[in-house]
């Protein structure tokens, strides 16, 4: 296997402090990979290294055989890795439709003259991107709110809009940063179902960082566990639940068995 | 919006009131001076000089021009020492207020910026701006009623170099247009007098710490330090800091009357034995009287340039009377040029500058070299442009 | 507005827009009604301030602020004056050239600096404005040093010299219309969409595939080029420039105009300039309070009218919508 | 030559201490409130005027005047935070523009009250210390001594009091600070108060050396800017390093080359640091 998304000996130091050390795993194409660990385990750091927010101090990230280590976030997205944010993150002053459009236009690039002055080329690009917008809105059940200002939506809808913007960039893999944060148990369940549906409909792979164990155990095919910046276990949900190192890490730290 | 409307109405009323007053013949003089920011002390000195001169004329029921009495009114606008704002104010004075005479500007940049307007419109300006470009034959409506370094430096420096046996001089100047112009004049004057300005430093106008610069100058073993071109406070700081690091040579201020402020800042000990340019002899009663009147009227210390502009405005009013017209500025200009041996508060005044500027629009007034003793000026030599003794 | 369906709908305010447009035209004609040369001069200064502030607005549209805007006006002014007086280039060529010079300098500065976001960039532009002034003072052979350059030739088009204020006003008005039209086009095109995305949420914009640093630099370059363009016209109208003419205070005055007018709307700089440039003429009697009034107005507008005066009608009508 | 080097060293340290007092207050206000305070220089100016009023008008002892100035500045800071900055807590850009407005109000208010003319400040001490060939004016030694005492006091306060720890937590991370029970209603006003008190203290200390006028705030503000750009915004160790570096560079370049060279070298350094390490020597960056 040439590898889909591969982390190879990834490490990050802030000043003298190691936030992440020698993390190596692979997210397989067409699967959902979970990244878990207690607070301060380095999940967010790992996520930020993958998405280009920070450059790693050691190791490599390979995506479909291509080295994407240290690329800026917009290049990472262009390579086919879209991300969502922990809190509801939207363009608050634009409509839902416009929010998604801003993601969708990534796949319809323009030359410098057309991007400054607009014109027929630019209009064509927009109308082509419109197809993606309609499809994504439909998939995330946001069509009824198409013309609402994003900042006025309910929290749950804003979170869905966040996923919609990511999806509109037509990624191969969607990276989700604690998608269940701030949702009530009912919403979490529905969110889980929606993710499974999206995975089929858009032929996606996923990498999820999450605290919410029930969600993780239900939707993940493969789980990676971090503690104190190091990888302590990896395997199927069933294997992970039995792994003594994982249990110890969680009991010793701050358990989240919600 | 409501407030704006009220403001507008108030402005309109003021305008109407203005027109009503204009029935009794008004001679409007613009004062385009710096009233905000660091140049404001000069600007106030000039504006108030014009006001005091106007008050003199109005005391006798107005300025008598060919049988008609004119009430003299000073309209003051601020230029903030900036060229752009000076152009706006000049446009307003010339085209809106229809002013034919302007006292101003303070700065060199503003005068150069407004001259295209004033010269074209034939508006007579009296500027303080030290730049040599302010006066030239093709700018025939601009006068400068205060001596600049170019006028006073040579005779004073000749005298000091000879009498104090000075061979090398160090000097510090602000790196603005005034500083650079003065540095050039002073440097040449020392050279002509047979001395050499061996150490010259330029600094940002806001600088307050001179010890590094003085350390360098003093290390070169200069006989004297020149302070001309610096504001009174800067000069005071330089004196204090120079004495602090042990400089015991002569300190000279060839221009810029400000001895009292320098003594305030530096203290009597540090200033003892300094040689300064003085615009007037305290023994000349008219000059002292003007200063008392200024202080009594405004409650502030008088800026050293104010008496020049008082005399300058008085000369301008006299020229208007002599030409018999308030509108024909060409005639007024000629009359002003032809004033000789005017008895001003500072002494006998004349126009000079034909050789330097190509036009005799530069005031020539008596001046003095004084030595500071116990914080007070003591006149040691009297000077004209021809020399000191 | 635009035919692009996904842009925020502004059809509702089109009546207001028409009223605004008519008001602008009437205001632009005021000097001819009064016939006062002084009013023509003020009108020219309003146009120049609006133009420069529109450049600053472009930078504000990506959520940035440049405190070196005055310096870019200065770069344009010096570029044009040197081209015209030293190389004998016609003004009509020197004018776009000065915009290009200012834009190029902005590009070189913005490229490394716009990797830093937020206030850090502002802090640095503050220092850059000062650096411009010091460098110009250091090279008197180019800049005329602190004495500046006087006697700059007036604006001339195809051999016709614009001697009088009304002629200069017409020219400036046309140039302002040109700049505003350009900005309108940009705002409603793909780049404007990116600007809005970056302004609203920089991190999300980057994660949506928008190269935010490059987008911000594009806005900085365009805005600074407009500043340079303004500077060229200003220099040839005023006839005098010196490093002090483009000091920090000039940058601050553009910030005040922009914030008061409305920093995120297209009309903001226009409205700000129309209100604030003539204001000192009304405040002559309260001259010493003038700057205090500016300071208070600035804080009050930020606090109670964050969209500036441009947002006032909408606010009064009780509508919560922003943008436009 | 060795005399010049030693003398420049002493001058540079004195300048560096002044810059440090300005920059630490500035960077603290940024760290706590995320506001780039353009009015910081005006608080230096107000400190100088407060000292002038205390010493020459009221005839109070210098030390008491300085203490009162600091107390007054803390109260003023708390007031300014409430009235001007509080509404802009989540909006860095608006807060910064508001501080521009505040600076205009303060400077022109002082102009209205005291007039444009610089005021003379009587010397507190006169004479010099001589160490070998080296000369240190006593007035500067006094300013240096008091400045160091204030800075050390501030350091102890920041490192070893509950409130100081709260401030540091806030500078590190707003959310973490909330977890540790740092209450913004108290910490914000006092943070701003402390920041501007340092500026006012610097103004009061430097008044006898450099004079007093409504316009004296501009230079210290610019120096504070340069120091935090060099050292990294929000970094106190960075500010300390950069302030000393700036003081020494200015002093040595002024003494060995020229004053205008000192300005150019300073700015060249700023540009150089920005190109190589845009977030400052010890800054954490923000991208």
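A, B, C and D are the chain letters, set down in written order, and residue numbers restart from 1 in every chain.
One rule holds in what follows: a contact is a pair of C-beta atoms (placed from the backbone, for glycine too) under 8 Å apart; a residue touches a chain by one contact, two chains touch by 3 or more.
These are the chains along with the protein names UniProt gives them: A = ABC transporter ATP-binding protein; B = ABC transporter substrate-binding protein; C, D = Branched-chain amino acid ABC transporter permease.
Fair warning: this is a prediction, and the values are worked out from it, not measured in the lab.
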{"item": "For chain A and chain C, chains touching each", "value": "none"}
{"item": "Set of chains adjacent to chain C and to chain D", "value": "B"}
{"item": "Most widely separated chain from chain D, with each centre as the mean of CA atoms", "value": "A"}
{"item": "Gap in Å, rounded to a whole number, between the CA centres of chain D and chain B", "value": "36"}
{"item": "Between chain A and chain D, centroid-to-centroid distance (C-alpha), Å", "value": "44"}
{"item": "Chain centre separation in whole Å, for chain B relative to chain A (CA means)", "value": "71"}
{"item": "Residues of chain C touching at least two other chains", "value": "134, 137, 288, 290-291"}
{"item": "Touching two or more other chains - residue numbers and ranges from chain B", "value": "36, 175, 204"}
{"item": "Residues of chain D engaged with two or more neighbouring chains", "value": "108, 111, 260, 263"}
{"item": "Inter-chain touch pairs (all)", "value": "A-C, B-C, B-D, C-D"}
{"item": "Residues of chain C defined as touching chain B within the complex", "value": "36-39, 41-42, 45, 134, 137, 140, 145-148, 150-151, 165, 234, 238-242, 244-245, 249, 281-282, 284-285, 287-288, 290-291"}
{"item": "List of chain C residues in touch with chain A within their complex", "value": "3-9, 185-186, 188-191, 193-194, 196-197, 200-201, 203-213, 218, 321-323"}
{"item": "Chain B residues within the chain C interface of the complex", "value": "7-8, 11, 14, 35-36, 77-78, 81-84, 87-88, 91-92, 94-96, 108-109, 112-113, 115-116, 131, 133, 175-177, 179-181, 204"}
{"item": "Touching residues (chain side chain D, partner chain B) in the complex", "value": "3-4, 7-8, 11, 15, 108, 111, 115-118, 120-121, 123, 126, 128, 135, 137, 139-140, 206, 209-211, 213, 215-216, 218-219, 250-252, 254-256, 258-260, 262-263"}
{"item": "Complex interface listing, chain C residues touching chain D", "value": "63, 65, 112-113, 115-120, 122-124, 126-127, 130-131, 134-135, 137-138, 252, 255-256, 259, 288-292, 294-299, 302-303, 306"}
